[in-house]
Each structure stands twice: as structure tokens, then as C-alpha cells.
Amino acid sequence: MEPYMKVANIKSHPEGNAYGRPTQTYDSELVFVGPGTPGGEYLRRYWHPVAVSKNVTTRPQEVRILGEDLILFRDGRGRPGLLLPRCAHRGTSLFYGKVDDEGIRCCYHGWQFDVQGRCIDQPCEPERGLHRDKVRQPWYPVEERYGLVFAYMGPPDKTPDLPRWDIFEDLPAEVKLFATDSSFSVGGDDSVKILPWNWLQDWENTLDPFHVQVLHSTFTATQFAKEMAVMPKVSYEMTEHGIRYTAYRQLPDGRELDRRSPAIFPNIISTPDVHLQAGLSTTMGWVVPVDDTHHRRFHVMRVPADSDPSVTRPRQMYTEQNRPKRWIDMTEEERQQWPSDWEAQCGQGPITLHSEEHLGTTDQGIAMLRRLMRKQIRLVQEGKDPIGVSFGDESPRVVGSGNFFRAAESEVEK
Amino acid sequence: MEPYMKVANIKSHPEGNAYGRPTQTYDSELVFVGPGTPGGEYLRRYWHPVAVSKNVTTRPQEVRILGEDLILFRDGRGRPGLLLPRCAHRGTSLFYGKVDDEGIRCCYHGWQFDVQGRCIDQPCEPERGLHRDKVRQPWYPVEERYGLVFAYMGPPDKTPDLPRWDIFEDLPAEVKLFATDSSFSVGGDDSVKILPWNWLQDWENTLDPFHVQVLHSTFTATQFAKEMAVMPKVSYEMTEHGIRYTAYRQLPDGRELDRRSPAIFPNIISTPDVHLQAGLSTTMGWVVPVDDTHHRRFHVMRVPADSDPSVTRPRQMYTEQNRPKRWIDMTEEERQQWPSDWEAQCGQGPITLHSEEHLGTTDQGIAMLRRLMRKQIRLVQEGKDPIGVSFGDESPRVVGSGNFFRAAESEVEK
Amino acid sequence: MEPYMKVANIKSHPEGNAYGRPTQTYDSELVFVGPGTPGGEYLRRYWHPVAVSKNVTTRPQEVRILGEDLILFRDGRGRPGLLLPRCAHRGTSLFYGKVDDEGIRCCYHGWQFDVQGRCIDQPCEPERGLHRDKVRQPWYPVEERYGLVFAYMGPPDKTPDLPRWDIFEDLPAEVKLFATDSSFSVGGDDSVKILPWNWLQDWENTLDPFHVQVLHSTFTATQFAKEMAVMPKVSYEMTEHGIRYTAYRQLPDGRELDRRSPAIFPNIISTPDVHLQAGLSTTMGWVVPVDDTHHRRFHVMRVPADSDPSVTRPRQMYTEQNRPKRWIDMTEEERQQWPSDWEAQCGQGPITLHSEEHLGTTDQGIAMLRRLMRKQIRLVQEGKDPIGVSFGDESPRVVGSGNFFRAAESEVEK
């Protein structure tokens, strides 16, 4: 016995056949991040995290951000520096440089630069460099906040404020901040830092409250609170800094829940607690482009002052994702069995092909996000400032993310 | 003492020097297989095997055929399906999908498609998809025969018959068919499925009866019957489905042998038994392009009904090739010592450079095959049907391959 | 307590910012080596070493030189041959060929070629090839000298003399020559032969006497004689075959040293002993382009006739570089800690970006070398012969490299 069944003949069912389909394309205006690209210039108008502060030491490290290769280090006086790798002299990478109190020194002929690229020594030149102040190692400004090192890679005369956020300011004594660059929140783990697909696929997921009911509930396992499997009613609204959705659910126990989650431009997320703890979210994440086909995640979260999340968080994240192993330890077959955000987003390819999509009514957030992003790109091209950029306003901004329970008798939104 | 000898001076022997040679090229009309290429459109007018049936299960698998990436699976009711990988919704690969009786469901938002790409569920959309019948996942038709899954990737209105072959029909009770996708017959082994060179280099070898006397006889070792080392007289003829050669040999024991072997268009081989068992060949092979620089082999063979060739064949193939190890286990130095078809064909590079060849009188089969193939490509371009394509004729076709011994007094062909 | 310091605001320090910098480029005229490129045609007017003689056997080996893939072997009579890999018949690589007294035989159909590409057998063709003398496997002339196999890959009618060098001629009985293709002298080791960066970065280093005071003295460790840390006065002069620098040092012990080191065109170095042994250098090196982004080093040195440098030299080289391990065994972090020539030159990238350099007064040698090289490239383009090319003059050339100590009262050069 052959276990086969014959498929109905193609001649009587030609519809949808894959033959002869037109060229598939992506929307390069939205996805390219390099210097001079529309999306890249727009993203360069904001500060972006490039490293966790505690990982930045006198040992130079290579970072790649927005398609640019850079060297990050901290000088002996504690100042972080972000320089182009190629020494201004003969091009040797400063990755092999040595750092002291004053700056970084190239291994080849010893030229030394401070954290702002000033050349402060040329040991083989007459009088250690009569003209050394004419040389400047290209550099980007960095600032540290909330345990992260932020860089601004845009035009100097457009340098905006590095924003403060309400949930991370005026912390009570029993709370501290924890910063991480692990990829847990995208279904990865603490050993994987660089995610091999375009950043926008990851960030768009922020305004997609519906995949939770499938990917994180019924498909692999109950990865979040079991109440998340209830199909919500979702509304979207513009905010000062982007877009926010509210997902309303009538829970089996009679409670009613408004779950509010924002996409803060250009690339910030703040997911409400996935176990439905009531109140404001205590975490923010940045989706940072490495280049057109890679990105990374940085997260800051409020944690108990006496905790050590670098130890406890890995275990917690496995439990949350309800998978038996770390991502890095799973076979391809096991990833097929227990897919999570990694598979759903990386599975769209290095850059998704927008021409092939069919957005439904549940993709309203995705469509709004792209429209608003395209508008910002055009604003930058016209010489204007995009959303969320401020100059001289250091007051903390409202994140506005959280799980808000209503009284049972309240009016439900339509 | 220096063991060197001085080579005669170049100035007095400039002929053939490699300096300044013109650009080397391949014949792209013959070797390219992608959509829209001359060769690719011609190949798309035939059914091609894409997998061994028993390997097609509810676990989705990635296959790449004719330069196209596809997902192959078998639904819970036994029907094979071949779909484009990117979910029509948001582009996540169906490789991470789950299969049930009705079809395959994407992990991201749960859209489900049947084996012909119909969207049969959109769980997050109102009423599970009011407009879901407007969406179709691009698909290709598949049929199963002789233990293989065949796909047709050409224009639907040109769908030809999936041919039947005489040697595989009306099997007696003591015989069964065995299908395999191992690379044994190209000098590989059962662990290697994808061969990293253009398919035509492999298929052309089918009409090259002379390499047997060198590669398989005197060079490495006696890989086939020792009588194969006798230099044959070879004639070529056109057949209904391609080209066939007859290699006539007077054997040392006085017998006379006509060895007939066809190249059946577009990519089928049927090698007569290499140990010179008399009679019709009991095997056919398909040389299937993966893309321009990779291909794979599928074989079907008649075997005893009570045998298990998946166990016995590997050992048999090592013996046949007279090499001490599997291909995968040999070092590069060992492959130099015992080359076989893999080295002879892969050694031509990912795509051979036709501009550099010097065909001899013994390459008549190669030249005929290319001429006939080019003619078919032109026929397809003119809107006509290439050789071997039929519509509505399911009668078995004659393979016509085998070792035929003559009586000693017979007339020899010239 | 946060250990951070705020960097001065970018708005008040915009100078040298990395934003908006123009496209970075390299000087392709100098760095490209392929056929038909300006630099490649210039380099093709000289003989280049392609292998150490003792490594060239009847086992065919693949070599890549000046962007061309070639097969090198020695026939059974001891003659080295350098042929294009693709058999002139059907294109199978001669890497899988077998070598006998007469030449190399292709594995596929057995065509055989001698070391100058003549086709001397076509076993399957009538009468073993009635027209085989019309076929020639493209070949390059080779000659052996000083333990190396040299090839000439330029126009046959411009074939120059293969130079002899004074330090390797008329050896006394207690001295022999030792040839090696290890990468010790570039900071590599005996396990690494192919260096992954453009050859010119390596060769330029020859006229850079100043990096010694940093890279090899104060930065990693005292890799050479400790007196090398003394900053020299350096002068440069044109020679018959290129450029030579003289580095004058007053040593702490009162002696005065002239260290003379030439760059012999097109790609030869001869470093004076780095432990300051007095007298002529006893070694020469060739910096041979593999392709635009790879090169290799060949060295010949005078050694005691009863020594075996293949055993003793590895240990000696570690000691010289004052690093605890072989290059191949170091982690990236250890290479940061103990950088040597490898890191300084490979750290410039696969091809350095000349547009980004800032040459100082100590880079005079680099500038002279590039000017003289560009002049040779132009000469070749005008149909003239570049520097150092001779025809019919086999007399040994003067290398002129060494450490020369002066009497204390001598006049110092300015």
C-alpha cells in the first residue's frame, strides 16, 4: 500500500500558482539604516544605546551601529569614547590600541587620541607631533544614563536632548536599575547579542498585540499569563512620542483589563508585564540597528535593590518562554517545535519583502507605525525635526505602558 | 646537490603561455535555471522530483529547486504540499509552521493554508477571516509516483503528463521499487544530498561513455566490471525522448556486447548495470537543479521485494567504487588519490567554462546533447512544446537502457 | 554611585565629528594585482616565488598568485610545472590529476600534459589523439633558485632575468640556504601561510623604521634588541633597485650604528638582523600577492650547514617576538594584549583606505615607495621596462642591507 493521495489536477485549479509571480521587493526607505539613506538619516537624529555601561572598559571593543564600524572604550579617567576604528595616521585598527588615563594609543606608531578624537601624542614625530592638533580621529559623542552608553551619530548642530523617562527617575531606595543587552525578549538568550534580521521586523512586533494569542499562547505553549490567550479588543492612538495600543480583555474571572503598550519613536518599546501584574511597566527596550540585516536589543528595568538579575534573569526568562532549553542549545527541529519571537521575526528573512504581505484588520498598528515613520523620514528630508526630538528640555517623559484593571461595572471601549 | 632541473627558457617556447588570455565564459543559456532564464523556463515545462516520498512528513522541510526556495510537507490526510515559504500574511517562514489534517499553520498569527495554498483560517481576524478567500499562498502542484514526490513549476496551462516508465510498471510480486536521494551514483555517499556544481555537468556525463575507461578503470581502480576497460566503438542515435548511445565491445572472453544508455530529456539517466549484468537496466535517475551552482540526484530502482536497500546499498556502493571510505570521510589528499565522478565533475568548478573546452571525436554525445537541448530551449521560447512533453497520454514510455550480448558471429556495427 | 563622567556636550565641540564624512577610498592603481590592472601588469614584469622547492612534488597543489588560480607540480623527472587548473579538454581540475615522468594526466578522460602544457596523450581519442598537438594547456614558465620555485606570469617577449643576489652566491662550505613560506616575519607562525590583507601594507612596512620603536619596543614588549627602542635619525636614498633607508642611532653604550634596509622593487625586503648583529643581512624576503586581499611571504636565509632551521626556527621566532604563544593559538583578547606586525598591518583592513591617512614626517619612506611604484606602473603602461628588470645580465646584484657600526668619533649624518 502506498500512503499517497493524488492532488487534484493543476489544470482544473490553476489559481494561486507560484509560477510567473512578479519580482518581490522590500521598502528600502523604511529598512535601510546606513549613512545617507532616508531611514538612516532619520534614525541619526536620535541618541541610541550602543553598550551596557558596565561592559565598557579600557579594553577596546568593536561595535557596529547603523551600518558603521566603531571602537568603544573607557579611558582611565572613566570617560567613554566612540571613535572610528582606522587610526588617522596609517589606518591600523584602534581595536589593538592601549588605553590609559588620557585616551587610546595605536599599536603601530603610537599616535594617541582622547575620547573626542583629539590627537594628543605622536611619539615618533619631531617634538611628539608639531602639527598633531591638525589631526582629529573621527568620533561620535556619547553619554551614559540608566546603565547604558548612548551615542549620537547625527549632524552635530541637530544634537537633541538625551531623554529622561519617568519610570527610571526618582527611584525609591529599595529599587535599582538593571541594564542588559541579552536577546531574551526576542526569544533568544543571554549568549546571543546580535540578531540576524532587520530591526524594523522586531520593532513592528511592538504594535502587534494579536500574535500573543497565537505565538505565545496556543502555538508553542502558554509562554505568558494564560489570560493572554483571550482575544482582546484593540484600539490605537497617537501619543506625544509615537503610537500606543490598548488591548481590552474580559478575563474569565470577571475582571476587565486594559493593557496599554507604546511604540515610542524611533525604536523604543515598553511591554507591560506579561504575567499581568497590575500597574505601570517597569521596563523599556531599545531596538538598535546594527546594519540593514542585523540589530540588537538593549533593556533597562527596575529591579529590587538587593537582587542580581544577571544571575536570576536567565532562569526567569526560560520559565517565561516555557521552552526546555536556551535558544542557542536548540536544534532546528526543536525550534520548529517551540517557535518564539526569534523564529517569527527571523523567519521573515534578513529583510522582509513588503510587496508580498497581506495586512488584515488586526495589522492596524503595523500600518500606523509605518505611516508615522515614513512621515518622520520626510520631515527630516525637509530639514525639520522628527517626533520626540527636543532641545533643552530635560524633564522626564511619560512612558505610559502598563496593565490597568477596571471595576467590573465599567463601560467597555468599542 | 640541488635536485632541480632548469626548464627550457620561456623566450624560446612562448607558445601556449597563460598570459593575456581572453575572458573565460560559460554558456548561460544552457546552465541558468532560475525563473525567466531560457534554460529555467525550458526545465519548468517538465515534472521534477523534489523529495523521496517516505521523507515527506508533517514536519515542514525546506527544499530549493530551480533556484526557488520552497516548503514541502504532508498534511494529516496524506497529501503533499509545496508552498512558498513566506506566509502570505506577514512573511514568516512556514518552516516554523505546524501541520494538521487540513494544512499548515503559520506560527506568528496562525493563518492556515491547505496544500494548494488556500487560506482556510485567520484566527485573529473577525470571524476567523471574512476575506480569507482573497488570500492565496503561492503553491506548486505535486504528484507522487515510484516513491518520489514530483513537482511541476511551469505555467499551469502547459501542465504535461507525469510520465510512466516501462521498467517500473506491472512489477512482479518478488520485485519492489526503491527510491533514494543519496549521491552514491555521482561518487558521493548517503550523507551528502546537495552537489555543489551545475546540474548539466552531471547530466552530460550520461552521454560520455569514454570517461569510464579512464576514471572508472585505469585511473583510480577498477570501479566497474573489469571488461569496462576495453575501449568501445560508440554510436549515437536520436530517440523519441532524447539521445542514446550504443557502446560496442569485443570482450576478452569472445563475447560481443552492445551497451545502450539513454539521456532522456530534460534530465533523466538510466545507466545499464556497471557489472555488465545482461538485459534491461532496472534503474532511472533524475539530475535535478537546486540552483545555478548546485544540484541533486534522485534514483528509483527495482529491488527484491524482501530486501532493504537503505541498509545494503551503502556497502554495495563502496564496493562498486572500489574506494576505502565514504566520500565525506576522505581527506582532500585521499580524493586526489581515488577520484571518482564527484571529483571529475565538481572539478570543473561551480559552472564549467565552455569557452575553454576542446571537444574531441569522443565528445560527440556531449555536443549532440547540447544541440538538442538548445533546440528545446528555442522551441519553448517560440511557444511550442519541448521533446517528451505529452498531454493526456499516460501509457508507459520505453527507457531502452541495458547490456545486450550478441552471438559471436554477428555483424559488428561500424 | 555611578562611575560615569559626562563628556563635554557635542554642541560646543563639533570638530572632528564622524557624521557626514565623505566616501573612503583606496588607491586601486597601487593595490590591485589581477590581470589587466595597472599594478597587476607591472608586477607581472618580474619573477615571483610561488612555492618552496622541497614542497613541490608529484602531488599536484593549488596555488593562487596575482589573482590567478594555478596548479603546481613536479614531474617524475624533477621538472616543476605551473598550469591552469582547468583541463583543456572538458575543464576538470588537474588538482585531481596524476603525475608521471612525462607530465600530469587528468582524471576524467586521461589527457596528459607536460610541464609546458603540451598535450602528449589523449587515450580515448583515435590513435591517442591525432590532433593533440593543436591543444595546449595554458602554462607559465618556472625556474628554481635558492630553494624557491619562481614563476614569470607576464608577456613572454618581456621575460626578464631571474636575478641572482650577492649574499646567496658563492657560499662557503659551512653555510647553506634555507627557504621557508612561514609567516613568522609578519607576526604569524609556521602554521599560517596566507595573510588576509593586501600585499602592499606588508611591503610598505619595509620602509617604516619608526614603527619599531613603538610596536616592537614599547608597546607589546621588547621584541627586538633593546637598543632598537632608541629613536633613530633616518635618511632615505634611491638605489639601483629601489629605495634604502639608513637609521642612525647613538647607542647607550656609546657606539654609533647605521642600520641600512632596502625595499628592492617590486616586492623584496632584506631586514638587517633585529638583534643588531654587525654586518650584512643574511636574509631576503618576498611579499607575494595572492590576490587583492591576500598575500604570502617567502624567505631565504643563510644558515649553518649543519643546522635544521625547520626545527629550530619556530622556537627562535617566538623568542624574538617575545610573545607567549603562536599567533594561531592566541585569542583575540591576547592579540590585543601583544600585537605585532600581523595586527598592525591586518588591522588596516583587507585593503587600507589611503584617503583616510595622515602621513607625517616619519612616513617619508612610505611616500617615496608609493611614488616610485607609481612611476614604474606608468613606465609599463608606456611600453617601457620597470626598475630592476634586466635581460641577459646574470651577474649577482647587491642587496646592501645590514647593521654597520661606526667608530665613536665619526661624523654623524644629518
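Order of writing sets the chain letters: A, B and C. Residues in each chain are counted from 1.
The rule is simple: a residue touches a chain if its C-beta (ideal position, glycine included) is under 8 Å from a C-beta of that chain, and two chains touch if they have at least 3 such contacts.
All values derive from a computational prediction rather than experimental measurement.
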Chain-level touch network, classified as line, ring, star, complete or other: complete
Same or different residue numbers at the chain A/chain B copy interface, by half rule: different
Centre distance in Å when chain A and chain B are each reduced to the mean of their C-alpha atoms: 46
Multi-partner residues of chain A (each touching 2 or more other chains): none
Of all residues in chain A, those that touch chain C in their complex: 35, 44, 53, 59-60, 68, 70, 77-80, 83-84, 86, 88-93, 95-96, 98, 105, 107-110, 115-118, 122-126, 129, 131, 135-144, 152-157, 159
Chain B to chain C touching residues, read off their complex: 2-11, 13-21, 210-211, 213-215, 218-220, 231, 333, 335-336, 339, 343-345, 347-349, 352-353, 356-363, 366
